[in-house]
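Which chain is which? They are A, B, C and D, in the order written, and residues in each are numbered from 1.
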Amino acid sequence: MITLTHYLVLSALIFVLGLFAVLTRRNGVAILMGIELMLNAANINLVAFNKFVAPGAMQGQVFALIVITLAACEAAVGLALVLAAYRGLETIYLDEINLMKW
Amino acid sequence: MLLDWGYVAVFAIVGSGMVALPLLVIWLISPRSAYPQKLETYESGVPTIGQAWSQFNVRYYLFSLVFVVFDVEIIYLYPWAVVARQLGPFAFYEILIFLVILTLGLVYAWRKGALEWV
Amino acid sequence: MPWYLELLRAIGGTIVIFSGVAIVAAMFGVLLERKISAWIHSRLGPTHVGPRGLLQTVADTIKLIQKENIVPQNADYKIFASAVLIVPLAALLDYVVIPFGQTRWGPLIFRDLNIGVLFFAATSSLVVVGILMAGWGSNNKYALLGGLRSAAQMVSYEIPMALALITVAMLAGSLSTVTIVNAQSHLWYIVAQPIAFLIFVIAATAEVNRVPFDLVEAESELVAGYFSEYSGMRFALFQLGEYGEMFAMAAMAVTLFLGGWHGPHLLPPVLWFVIKLYALIFVFMWVRWTYPRFRIDQLLNFSWKVLIPVALANLVVTAFFVMVVHP
Amino acid sequence: MIGEAIAFYMLAAITLLSGVVVVSSPNIVHSAVALVPAFLGVTGIYILLNAEFVAGVQVLIYAGAITVLILFVIMLTEGGTGLRLQQRNEQGTIGAVVAAAVAALLIAGATRTVWTPQPGTLATYTPGAIGQSFLGTNLLAFEGTSVVLLVSLIGAIIIARKED
């Protein structure tokens, strides 16, 4: 029997994978991929809560759709930033983009 | 409903098997006689120069960018379309506002030349 | 029904659809294309193998099975090899939601999904990933350029196609393909929505990379585009994907606009479906051998500056009639 | 029920294994391609949760659009030229510790809380229910997303275009 807890644990594991990518990857695109994984984990939670906790409502799925939208916007703008950084600084390794550090 | 998707899952799994099957067959029976010239990357017969994995023009990105935004817009139109008949006139103006705002995006991209292949 | 019978039914249906598409769409489609091109060029086409050359593609397939599978030294093997699986599989997944006809026991469809039309759009968008993988994995300049061009073109034409799908879904009030076909028992949607039909057919031609939108495989510039480096059976699987996708697009156009299996009761419904399907395929091939190829800037301009505005306007006008005039 | 459990564990395995490839592959293109099975696994999870429409959107947007965008950017920036560069920064250990701690916290929270379900039944036809919801209760969010999309389109075009 698959319960809400199963889905929550799965989503926690996916979230942590994304978090690990964000913390340890040097490549800007890879960090964005980690963020996409984290957003997916959040979406699993939203849809699972919709089914198990509030089956009469539609809010969980509606929220998941809005999160997907924001993920697409985030990917578009984030990848544009990566491109701009590549054009200006000729690197997409974020630890090499340190002009503003001191 | 889950039964429907069970069918789709079987279709995907059996389908991948059926696509992989001919590959397995030729892996067993196809001749193998490789030599360096044959394994070279095809470049119209002249020796290959460098790798193909190099940088490409940014114009591809602008198109896929506008595509992503419009693709996301379209997913909101599917659920609206199936209930359009039941919703009546007021919802028409709601969706009109939605479409007008996004058409502004298309107009902006057009005017800024993001849709030009230069 | 017990679960093992359901499972057997699903497996049987899959095998029937896969072999059906492989034989009817890929093998017969290639032969048809060669015969029609010959007819348009006033040639004879293949004549030697079998009666009037009917077995030509069978011979070709046997030849391809015997060929060596070459993986270029510089290629990225994992991506190179998995792209071959993705492209035909994504193309064939389209057939899940296509209703082929009507029988006494219900519509002849693999499975009537609630989100049928969206499923179609989603699976056909997966082809783009496969093509990019093929282009990148080959590590060949022609292949990569072809793959990038193909991806840019396919994503551009996905938008007008989806807008046309939505217009039809709005008229029928459902995303299920069977409901859409049933809603056309009196009036085919090509009559109500001629503009959406045109947009769909043009976008479908572009999605399957056919002339006049074939600069992905522009032989004179890019050899064979993203599958330049593929040989033997892998090449055959790409052909299966391409022709499978073309037949799926045509079948979807028949389902959405030409009334699916509906027709006068002289012939069984399945036959009506097949007749309409082949009529549309003939139009695709006719166009291919008649028109020259677009330039890439013309091609992208045509989608973004003509098709999308027209499709949006068409959608708004239809919505106005559906929601305000006849609510 | 058994079928549901089998499907869940298979989908979870697909998602997590491809997630591990995404996170750990030294080749950025392999990471991007491994995103596709990860997204498809999540799609299957949505279907198990009776969210058909969200599942369709997941394939269309994530697998069909965002992955393509990511692959484009990889090819437009370093392509395969960065293959031999080090992909991981010096925070590998501390990152693993933080990730493990967060995982422990989340899993403990998820397993120890008792969720009380509210009465009601899931909508049978999700696209229709979502449409009703977007043009009724959630109208503001619906119109808001159009503004967000417009703004992100304009912003991304400004950032990505060459200055001329």
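A few remarks follow.
Note that in this section a contact is a pair of C-beta atoms (placed from the backbone, for glycine too) under 8 Å apart; a residue touches a chain by one contact, two chains touch by 3 or more.
Note that the structure is predicted; figures quoted are calculated from it, not measured.
Of the two chain pairs examined here, A-B and B-C, it is B-C that is joined by more C-beta pairs in contact. For the pair chain A and chain B, the distance between C-alpha centroids works out to 20 Å. Per-chain Cα centroids separate chain B from chain C by 14 Å.
Put simply, the C-alpha centre of chain B and that of chain D have 17 angstrom between them. Each chain gets one centre point, the mean of its Cα atoms, and the points for chain C and chain D are 28 Å apart. Shown for chain B are the residues in touch with two or more other chains, namely 1, 5-6, 51, 53, 56, 58, 60-61, 64-69, 71-72, 75-76, 78, 81-84, 86-87, 91, 95. Those residues of chain A in touch with two or more other chains are numbered 65, 68-69, 72-73, 75-76, 79-80, 83, 87. Touching of two or more other chains is recorded for residues 113-115, 118, 136, 139, 144, 148, 151, 155, 158, 175 of chain C. If the chains shown are joined wherever they touch, the resulting network has some other arrangement, not a path, ring, star or complete graph. Pairwise chain contacts in this structure: A-B, A-D, B-C, B-D, C-D. The touching residues of chain B, when paired with chain D in their complex, are 1-2, 5-6, 9, 51, 53-58, 60-62, 64-69, 71-73, 75-76, 78-84, 86-87, 91, 94-95, 97-98, 101-102, 104-105, 108-109, 112-114.
Note for the complex: chain D touches chain C at residues 3, 27, 29-30, 33, 36, 52-53, 55-57, 59-60, 63-65, 67-68, 71-72, 75, 80, 125-127. Residues 6-7, 10-11, 13-15, 17-18, 65-75, 84-85, 88-89, 92-93, 96, 110-115, 117-118, 136, 138-144, 148, 151-152, 155-156, 158-159, 162-163, 166-167, 169-170, 173-175, 223, 228-229, 232-234, 236-237, 296-297, 300-301, 304-305, 308-309, 312, 315-316, 319-320, 322-324, 327 of chain C are the ones touching chain B in the complex.
For chain A in complex with chain B, the residues that touch the partner chain are 65, 68-69, 72-73, 75-76, 79-80, 83, 87. The residues of chain A lying in touch with chain D in their complex are 1-2, 4-10, 12-21, 23-27, 29-30, 32-34, 36-37, 40, 43-44, 47-48, 50-59, 61-62, 64-66, 68-77, 79-84, 86-87, 92-93, 95.
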